[in-house]
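Next come two complexes, and both contain subunit A; in the first it sits with subunit B, in the second with subunit C.
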Partner chain A sequence: MTQLALVIDLNVCVGCSACVTSCKEWNTSSEGGGGMVDKNPYGKDPTGTFFNRVQTFEVGEYPNVETVHFPKSCLHCEDPPCVPVCPTGASYKRKEDGIVLVDYDKCIGCKYCSWACPYGAREIDEKQKVMKKCTLCVDRIYDTTLPEARRKPACVLACPTSARLFGDVHDPMSEVSVAINERGGYQLMPEWGTRPSNHYLPRRKMKAQVTEESLNRIDNPLKKEEQRAPVSSDLPSLDDFLF
Partner chain B sequence: MASQAIIFRETKDSKGFYILLAVLGAFLALGALAFFHAEHHGHHVTGMNNQVVWGLPHVFAIGLIVAASGALNVGSIGTVFGKKIYQPMGRLSALLAISLLVGGLIVLVLDLGHPDRLIIAMTTYNFKSIFAWNIILYNGFLALSAVYIWTMMDRKVKKFYKLAGVAAFTWRLILTTGTGSIFGFLVARDFYNSAVMAPLFIVMSFAMGLAVFILVLHFAYSWTGRTLGDVVMNRLRYLLAVFIGGVLLLEGARHFTGLYIAQKAGVENFILFEGGIYTQLFWIGQILLGSLLPLSLIFCRKLANNRVALLLAALFTIVGGFAQLYVILIGGQAYPLVLFPGAEVSSDYFDGAINAYAPSIWELMLGLGGVALALVMVTIGVKVLRFLPDSLSDAVADPHSK
Partner chain C sequence: MHPAFSVIFLTTLIGAGQGLFLALYTGQVYNTFGVVGDAMPQQALYIAGTVIVTVLMALGLFASFFHLGRPERAWRAATMWRTSWLAREVIVLPAFAGTAFIWGALHYLGIDPVIFTTGTVEVKLTLLVGLVAGVLAFLLYVCTGMIYAAVKFIQEWATPLTIVNYTLLGLASGFSLAAALSAHYCSTLVDAYALWALVFTLVGFVSRMFALRRNGRLKRKSTACTAIGVRHPKITQISQGAMGGSFNTREFFHHKSPQFLQTVKVFFLIAVFIVPVTLVVIGWSNQFAVVLLAAALIQYVGLLAERWFFFAQANHPQNLYYQAT
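Moving on to the complex of A and B:
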């Protein structure tokens, strides 16, 4: 069975929020996207609906601190706790590709699914008054009018550092499965037993070895010029021979 | 001494009846205004947000629903357990149960994102959802309570009185189990996910329902000039004390268990010691004002047979019940989700931060509208049908009292 998912490389995510804005742009303006409301977007306490947010954490204590940008959206769990709690079945998981979706026409806006999600991935659209979440851009990944390379979630296409990979995590040969296997991809809070499909690739400590030699090249041509014989106005120069 | 016959009679037409309806009508109008305001402008006009998704309307709704199932208890004690002194109050008990449930449901439904899609909720069931089960349980409770009233009022179906009473009592236990399980089944939040939520809600319903019943019974009798003796009220007085004790026992068990479990220790510490308004509501609202004060008012020897003390005890029990629900509902949501267990986190999006919630005036208006609807139903109910015994004097209620 196919299970589409995102794999996010925390090692190269720079927290630029291009994935956030591209998500908002696509899911607000695309046909059938339905919009994501923003109330007071520029105020002191902005409110609005997002399918994807980049949460920035400071890790460690001074002076050993580092910044981790942590993009988080619906994790499309294989055993999603938000689905069984929905009284009308508006929240459902697709058999064909494992995407967890909300049927906006069946959602009564009781917000009980928001209680059930341990990842806080669901958000109420305060204008349309239905619960919303990441759809993995289901309306574009199957859009045959798009070139095949563009049939990916908007956030994946927008990421400038290619920190977001998209594919079938059940296919062991897929790009995402290989990345998970080779680079220690992990799930968020696996202890809940929800089996999130989205995975994160961990940050890797990169220690650069900087030596004196690498900073001062032995064969630096500029230095050779400095070492040339002192120039005297009494001696003939090249111009004397040429002219 | 032979017992006097219990005569049920409608309340008389009076100026007070219309004044009461006018006052309650004003609150109903405010509730309607709040609903249309949120419906027109969207839910951002409320204090609820993506972190605290259920707010004050849900406190009112669940409070009324819980009190509804508890209000039926007075009738059930008479019917199911054969306590004769309670039997004359069975009709009012069932009427109050229906009214409170309708009042609670109206708040719950009007606060939904799409109350217009209620028909979907009624016809498209996901039977894995406790919420869907609750829809069935609420409707069943209304139907069974109505049948129960019917068997009490119509001699032709009197033979089904016991059966209807047992069915309604059983159903109400299941109903409150369902209401408590809305929270008990929530594995994602540390403050909930516990089987004790179901029995806790049941005993909460006993206390809140009885407290509401005591107040309604007293004012229904005093405002219509009927006699209500101390025998009946003292029975209810000590029963209320037992129920308050039951709430304290299960609430204590819940918190001690939470403190014992490392995973829940954080949220327990928050609620019990560091939660600001939630800690104050717990200790001052629920424990001090909502439990210890009513118990003191009930058991103080100098206040024996003191009606005002009993009414205050009932009032503070309701205050404590709402404080408890506020702490359970909002306090549990205010505590942040734990994405990285064992780590102290803070981010630019609510991680590690206490989620803010300030109820808006619209939410309060909607909630009070639900309370008003329940009281309007009771007021009209006792006016048009024979719900109230003509007298509940000591001689009528208990011939052996003297």
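Moving on to the complex of A and C:
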């Protein structure tokens, strides 16, 4: 069974929001779906639909503080709580690749699925009046007219630091599974049992372990000769015998 | 959560409608089995009551459409009844309203043959139709309550008390209305209705207070730590990815001050429980239909505030991601 998902590396995300804009660009201009509406984009209270947002958190207190940029989109849960609550069946999880999608032609815009998502991953489209969410760019990852390397979600392709990996988390040999395994990939809010497919790779402290000993070796052979015994001028030295 | 008036009106109106029907049917059961010793037929009361039940249900249904983005597709909402409590409500609501209407129509048309006789009691057609409608009314309370109680992330709602409160407060408002109506028709059922209205209001008060106490002591399962997966006691959000607000900031928060919430809480405790109980006792002991009607109306207004507070108090875990612009 395939479960496509994103793995987001918080260690290298710089919070540039390139994933946000590329997501918006692709999903607004691609065929079908009706785009992602923007209301008052240049007015007083701009608002609009986004599938993906980069949030910023500050961890700790000055001076021991760290800034964490945190991209958040639909996590394509393996046990998605938003799906069974949908009264029309518009919200569904695809059997073949595990992507959670909304059928925009069936959705009645009751917002119940957004209540049932603890992550706030779903947003109503104010123009179409239906619920929208990340599709993992389902309209491009299977597009055979694209070169194979480009068959990835727009956000993954846009990320300048390669903080976003895309692949099958059920395949133990995939790039994403290896990254989760080797680098402690974790899920958000595990307490609700939703089993999100998207994983996050934690921040890593990149500290070089440099000790005094490694800078100044006690038994450095190059410095052997410098450690001479104190010389007494009364006794003959080695120089007296040589030459 | 953002308290949407469409849902507030829906739940309070249909709750009162179900309660009123159950009151009417209780009256019929009492009459049939001679509990209140009233042999006088209650046709006028039943028919007027059914008209009010139908109007309440229709108004509730009408209000619910304002909650939908695409009301023209509302018929689709019945399809996923296997998994969704919302779909179940969408089925049970018209089923109840329809059966209740048939019950009233049978009384109006006088089609009421005796189906069978047990002892000296004649079980008539309307008694059986009313039984079906009564069961549906209780099912509808469960469906409405479960829509909220089934969302396990919203810890304020995820408790059996939610269903109990929806049922008890619906019954209280329905029986208060029935008491006023029966007093208007000078029916002997007014004693039973007023008594049940008091019982449901007082028991509802106890269970609502239990819910308030429980919600006041909730221990949050989700924290900023589990939300972003960083273990640190101090995590401050400094940006949420949008400066002008979004669906996430509008749908999941009431945007009112804690003082306002506190005021609404005190108001609904007075208007749903204290004032109606007082007025029902006064109206009942003096047989003032107007006072009983005032009790029912004030209780309904109080229930609007109660439902507003029910939504506003619920804190959705997604708010952890929207703490600062």
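Basically, the second predicted complex is superposed on the first by the 202 of 243 C-alpha atoms of A that agree within 3 Å, B and C clash if a C-alpha of one lies under 4 Å from a C-alpha of the other, contacts with A are read in each partner's own complex, and residues count from 1 in each chain.
The rule is simple: a contact is a pair of C-beta atoms (placed from the backbone, for glycine too) under 8 Å apart; a residue touches a chain by one contact, two chains touch by 3 or more.
Since the structure is predicted, the reported quantities are computational estimates derived from the model, not experimental observations.
S.K.: Just from the overlay, do subunit B and subunit C fit on subunit A, or is there a clash?
M.R.: clash
S.K.: For A:C110, select first, second, both or neither according to whether it touches subunit B, subunit C, the two together, or no partner.
M.R.: The answer is both, since A:C110 touches subunit B and subunit C.
S.K.: Does the superposition put A:R203 against subunit B (first), subunit C (second), both, or neither?
M.R.: A:R203: touches subunit C, not subunit B.
S.K.: Of the partners subunit B and subunit C, which touch A:D79 in the superposed model: first, second, both, neither?
M.R.: Touch partners of A:D79: none, neither subunit B nor subunit C.
S.K.: Is A:E25 contacted by the first partner subunit B, the second partner subunit C, both or neither?
M.R.: After superposing on A, A:E25 lies clear of both subunit B and subunit C.
S.K.: Of the two partner chains, subunit B (first) and subunit C (second), which one does A:W192 touch, if any: first, second, both, or neither?
M.R.: Both partners.
S.K.: Is subunit A touched at more residues by subunit B or by subunit C?
M.R.: More residues of subunit A are touched by C.
S.K.: With both complexes superposed on chain A, which partner does A:E175 reach: first (subunit B), second (subunit C), both or neither?
M.R.: A:E175 sits against neither subunit B nor subunit C.
S.K.: Report for A:P46: first if it touches subunit B alone, second if subunit C alone, otherwise both or neither.
M.R.: In the superposed model, A:P46 contacts subunit C only, not subunit B.
S.K.: Quick one: is A:K127 in contact with subunit B, with subunit C, with both, or with neither? Answer first, second, both or neither.
M.R.: A:K127: touches subunit B, not subunit C.
S.K.: In the superposed arrangement, what residues of subunit A touch both subunit B and subunit C?
M.R.: On subunit A, the overlap between the subunit B and subunit C contacts is residues 47, 49, 53, 55-58, 70, 81, 84-89, 106-112, 114-120, 123-124, 128-130, 188-189, 191-192.
S.K.: So in the complex, which bits of subunit A are touching subunit C?
M.R.: Against subunit C, subunit A makes touches at 17, 20, 40, 45-50, 53-61, 67-68, 70, 72, 81, 83-90, 106-112, 114-120, 123-124, 128-130, 186-192, 200, 202-203.
S.K.: Taking the complex as given, what residues does subunit C use to touch subunit A?
M.R.: 1, 67-71, 73-74, 76-80, 83-87, 90, 147, 150-154, 221-222, 224, 226-230, 232, 234-248, 251-252, 316-319, 321-322
S.K.: Subunit A touches which residues of subunit B in the complex?
M.R.: Per the stated touch rule, the residues are 42-44, 49-51, 53-54, 112-115, 117-118, 120-121, 124-126, 128-132, 134-135, 182, 185-189, 333, 337, 339, 341, 345-351.
S.K.: Under the stated contact criterion, what part of subunit A meets subunit B in this complex?
M.R.: Those in contact with subunit B are residues 37, 39, 47, 49, 53, 55-58, 70, 81, 84-89, 106-112, 114-120, 122-124, 126-131, 188-189, 191-192.
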